[in-house]
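There are two complexes below, and they share subunit A, which is joined by subunit B in the first and by subunit C in the second.
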Partner chain A sequence: MSQVFSPSRRALLLGAAGILAAPGLSRAQAAPVKLGILQPVTGALAQDGEYGRLGAELAINEINSTGGIKALGGAQIQMVFGDARSTPEGGTAEVERMNSEGVVAVVGGFASPICLAASQAAARYDLPYIVDVGVADAIVTRGLRNTFRFSPGFGSVTRAALDNLATLNNNAGRPARTVVVVHEDGLFGSGMAQLMQRELPSRGFEVVETISHPTPARDMSNIALRIRSLNPDLIIPSSYYAEFVLLARTLQQRRIRPKGIYCVLNGAASNFRFVREFPDAANLVMDVNHWADPRKPKTAELRRAVEAQNRFWLYNTPINYSAVMLVADALERAGKADRTAVTEALTKTDGSFTRHIMPYGPTRFENGQNMAAQAVNTQVQNNDIKVIFPTDFADAQPVFPWPA
Partner chain B sequence: MRSFPIEIVGEAVLNGLLTGAIYGLVALGLTLVYGVLHIINFAHGALLTLAMYGAFVAWHTFGLDPYLAILPLVPLFFALGYGVQRFIIGPASRGQDSNILLVTLGLSIIIENVMLAVFRSDTLSVQVDYAMEVVELGPMLLGYPRVVGFCVAFLVALLLFVLLTMTDTGRAIRAVAKERTGAALVGINVGHVYAVTFGIGAACLAVAACLLLPFFYVNPRVGNAFVLVAFTIVVLGGMGSVPGALLGGLFIGVVESLSGLYLGDSLGQLGIFLIFILVLLFRPTGLFGAKA
Partner chain C sequence: MTARDLLPIAVFAAVAALLPVFVTSGTWLNFAVFTLIVTLAAQGWNILGGYGGQYSFGHAAFFGTAAYATALLQVRFGVNPYLAFALGVMAAGLVGWIIGLLSFRSGLRGSYFALVTLAFAEVFRVLANASAFTGGAAGILIPLDVRPGNFQFASRAIFYWVALALVVAALLITRTLERARLGAHLVAVRENEDAARALGVDALAVKLSAIALSAAITGAAGALYAQYFLYLDSNIAYGTWISVEALLGPIVGGAGTAFGPVIGGILLHSLGELARKLLGSVPGLDLALFGVLLILVVRFPPRDIPGLLRRRARR
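Showing the complex of A and B:
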């Protein structure tokens, strides 16, 4: 009898040893998963790119230090970084390189033109591409199966901006009626100005004038003078960082104080650099933009980590952090580091994906667009940027109209 | 076209004059170099950007007020301008004006890209207490830094006028400007005068940079915005004319301001370049220029 039991006992012991050793063995052996991170860290968009990269790095470090991708035996994520050099050509060149290095997905792009070109290049290799910021609606309407956008697009942001403005105004007893739109004369600013002119009247506002300016602009005194003579209730600017800062400072200097400044996708109004450098000019400026969910504890933790590095808290960081977490979630569900399987898993992402820190409802992708993504209204209050709308995510009450 | 109350138009004119004085200062350096060396200095914009970064670093790293930064930056930029002409542009040109054009263009590309590498493409600005202060003139509010800029620009122009008319160096500069060979024959070191002129041009930019920084920002391409205007001013005022540069600057400042007020800032630039073309068509020597 003992002879019968003996091998089986040995087998049992071997098996036990095998089970004990297996996780360690497979952790040591699990091949790292390569993930492409594409950001413009040189050229005109360098500042945004740096903050996007920071978010991706923080997410990857967190995943790796908490056991890697568990479905892949604790595989570590290895970042393959590419500099898009602020141009679409730079972006596609880096996607080609990332493909040859065998990445499982690409995250980033920042600007719409870069995202459009880079996701197209990735589509040729069935390489999943997760857009971080690029808002152009065309990004998700080309029928590319590999392209996903976790954040909201232009149409949804502007719709929310207009609806929220009307609600804000109605809740305050309709203090604002007349509007001056100040915009940069490129594609972004002019498009936004046309939209405002078309949509605002039906929401109870009168656009008394749209004033355009070139980028770069040397001087905003004339615009300030025109605004002073028009004396509007509300100013809606759509310009890039430097020009908006110049405008806000000039308005402050000329003691022009409307009932509110309401920005849409503004380069400066949701940027802590502006708040720190010009607190008086920035105070109470409102913006509709990407922003992290202030109610999630992880947001505060991440913000502390960023500020500990002496850097500003910009939306690029939480968006890229969340987009990398989305890929990690898809890898867990796919169970293999295979591009087609990851694409399939991304498509099926649902409310069980909770590792992101954006103020969105339960994730649901439709043609690559996260239908639950939304922009929020922020306002600079007491040297901080607070979310004032939608109320589900708000951490402050709006100050509107501005106190005289 | 919208009509504006008189105090709004008045303020726009005054704003134009204030800004125009600084344009004039930028144009002064350009016109001086043209008048003496007979070259268009394509590196003028890049040098202005460099000076603005100089003033930014003085403020950011050494805590020096931009106006006080004029004191170290002017000699520094004079030396830089002198050195660039004496040891780079002069030798590289081999006596051919067309070469000088290319050398200054090359220099501007190098300077801009070195600044891009060092400072990145971020837009930087200084924070000084007086940046947002205003000088009240009746109902009009004038930015304090612009008023200071206006006064200092005039002072610099006056000093330059004194230098050119009452000193030996000035006489030598004017002699070389008029007749290079003749000046060399009477013992004037032409190479030295060229370099001094280039140095003065660069020093003017250093002053302009320090005056601009309290109310403006700096990035690696910022100089180009000013230098296009400066070219127009130089053509309008007369190539090589010092009073022409200053008056041209004031005039262009007012044109820009008024057309900005009435047509909007995007089209406001149109006025400047319209003048550029009109002057070239009807008075190519400019308002104060001698016949070429």
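Showing the complex of A and C:
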């Protein structure tokens, strides 16, 4: 075979030089578009970061294998990955590097502090920044023109959580009246606990106690005993993964069975790792969280691809997949790999953007926030995580109150 | 102070100040600014830990106090950022003095002192995390408003020079301290506190001055951090990371020498960055390499780089 076509080294060099010297020709091949993917893949948030990166990779592979960015002559997307190291300054440093490598936009961040710092660093260069998960409301209220969030913020998630809880309870004939809030003493937990105490009474619930615990916490026995003595109808936990798993297992071991466990933005309740490892403790736990739209065929396809890699199906993956698709959509409409044009196009995103797999209505950005973004209620049923609310997107009926 | 004392500082300042003229990449400058901020924090630690022999594990308390004070004064009270910076540094110094008064008066030394400082930093972290005034766990954000009058610069180079100026100022302070009576007393207390007291050194007063100065310098690093990254939460401001960073630089570079923290800080961060460049494709591997290097440096005496050079020179 080698005799059929074997150019001399000189001919090859000449050819290479010719390609370099003829930019007009090489442009016909469409220069790849660089896209920054920022995730914390070392440090405390490494698990989330890995799943976020996976989502971005899947989206980029899909775009590239289906003809690239058509408006740019089929340009391929080239990922410039940055490890945010679970710290804001780590994120900032990576945005600086991505900027020097000439990315057209940055997607990711995961944690709110990283998103806040990294988007600010990107703003210096008018570099579009698409937040994946970070829920802090401050992210989109700073007036940064470059910052977009496709997923919902804290305010919108908690509002939905409270309203849906009231609806759920009313539909079931108001079985739950008393509530115990268990929360970690950090960002999510404390804020959430205050909100619950303020908002739940007007929705017909009585908060009998709020119990806080540090992160990490290695023993939940005292909290479980306290819950047993208070005997609430509903437990609302707001903790990270390990602590909630511990709480759920402790409750199960001590046979403490309320009428429901209703989580908000919980680290574990919408996590297949928890469902697989502790199916009994996880059974029927409800959560309000980011989740992919179960009715879209693409969701099932992506989930199979993820599970084929022996990985769990976490929300980070579909969110990052969708955020990368959002950039691709903006590139198509901008018609050029130019930061200002992409920012402009992102601002004008509308319902015609359908390549995402989140359970959101027609996309509409207001001050960088996707107003159609919403969290959904999930419940662990038969070792699967089902969407039970809102009904438009649901693939299962809620089981509430829990059968005795 | 003689010209011989000042010459190395002047050379360092001149060489470092010229850097942004040649290196304009934002990535690089960002790295340099962060390194200088951490170096400044380490210089603060060096006054108390290096010269005074009082090993603090909780310099985060000073870093965080100044950072929060700077941010809160601007955001909540509309104070001019430069004034807020100065007040933040003073607040850190005051907190240092108070912590010093409480622990030194009780005669805490060595590991007991280290543990108490660690505890103070943790208490501050928990308080900042819980209080609504500091923004709670959501942290506090200084609004992005890039104006020189606002202590925010469009160019990272200017920030670099500001950070460098502070590091050089800290070098000068350290050098002055070395040559001053206070410095001599401090070293005497480090070497043998009882002997120093027997010779008439007011050990408490000396240690209090040292901790206040030390806290103020580390505080300047915290205030600069707030002004540069514009975002703080309790884990950034009062987290153990900065306490560790503050003592690592001097220990590697040479505790109790003016240039120790500077050498250590720059070396450690450059090593970290280099490891990252070499092994960045596998997340975490560079951190492992960095850890191994650190173990080697600490394991094999002489513990610090200048000691190593001196030993080489003697051969």
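Everything that follows uses one rule, which is that the second predicted complex is superposed on the first by the 376 of 404 C-alpha atoms of A that agree within 3 Å, B and C clash if a C-alpha of one lies under 4 Å from a C-alpha of the other, contacts with A are read in each partner's own complex, and residues count from 1 in each chain.
What we mean here is this: contacts are C-beta pairs under 8 Å (C-beta built on N, C-alpha and C of every residue); 3 or more make two chains touch, one makes a residue touch a chain.
In this text the structure is predicted, and so the values were computed from the model without any measurement.
**Student:** Put subunit B and subunit C onto subunit A via the superposition and say whether they clash or fit.
**Tutor:** After superposition on subunit A, which the two structures share, subunit B sits beside subunit C with no clash.
**Student:** Thinking of the overlay built on chain A, is A:88 touched by subunit B (first), by subunit C (second), by both, or by neither?
**Tutor:** Only subunit C; A:88 stays clear of subunit B.
**Student:** Could you look at A:144 and tell me whether it touches subunit B, subunit C, both or neither (first, second, both, neither)?
**Tutor:** Touch partner of A:144: subunit C, not subunit B.
**Student:** Give one of first, second, both or neither to describe whether A:97 is in contact with subunit B, with subunit C, with both, or with none.
**Tutor:** It touches subunit C, and subunit B stays clear.
**Student:** After the superposition on A, what does A:277 contact: first (subunit B), second (subunit C), both or neither?
**Tutor:** It touches subunit B, and subunit C stays clear.
**Student:** Return first, second, both or neither, reflecting whether A:67 touches subunit B, subunit C, both chains, or no partner chain.
**Tutor:** In the superposition, A:67 touches no partner, neither subunit B nor subunit C.
**Student:** Where does A:361 make contact in the superposed view: on subunit B (first), on subunit C (second), on both, or on neither?
**Tutor:** Neither partner.
**Student:** Contact-wise, after the overlay, does A:201 reach subunit B, subunit C, both or neither (first, second, both, neither)?
**Tutor:** After superposition on chain A, A:201 lies in contact with neither partner.
**Student:** For the overlay built on chain A, what is the smallest gap between any CA atom of subunit B and any CA atom of subunit C, in Å?
**Tutor:** The answer is 6 Å, the least C-alpha separation in the overlay.
**Student:** Where on subunit A do the contacts with subunit B and the contacts with subunit C coincide?
**Tutor:** Residues common to the subunit A contacts of subunit C and of subunit B are 42, 46, 185, listed in rising order.
**Student:** With touch defined as at the start, can you tell me which subunit A residues reach subunit C in the complex?
**Tutor:** Listed in rising order, the residues are 41-42, 46, 83, 87-89, 92-93, 96-97, 99-100, 112-113, 116-117, 120-121, 123-125, 136, 138, 142, 144, 185-191.
**Student:** Please output the residues of subunit B touching subunit A within their complex, sorted ascending.
**Tutor:** 4-5, 8, 11-12, 15, 19, 120-123, 125, 127, 131-134, 141, 143, 216-217, 219, 221-222, 225-226, 257, 260-261, 264-266, 268-269
**Student:** For subunit A, which residues are in contact with subunit B within the complex?
**Tutor:** For subunit A paired with subunit B, touching residues are 42-44, 46-47, 185, 211-214, 216-223, 225-226, 228-229, 241-242, 245-246, 249, 252-255, 277-278, 280-281.
**Student:** What residues on subunit C touch subunit A, complex-wise?
**Tutor:** 25-27, 29-31, 34, 126, 129-130, 136-139, 141, 143-144, 146, 154, 229-231, 233, 236, 241, 280, 283-284, 287
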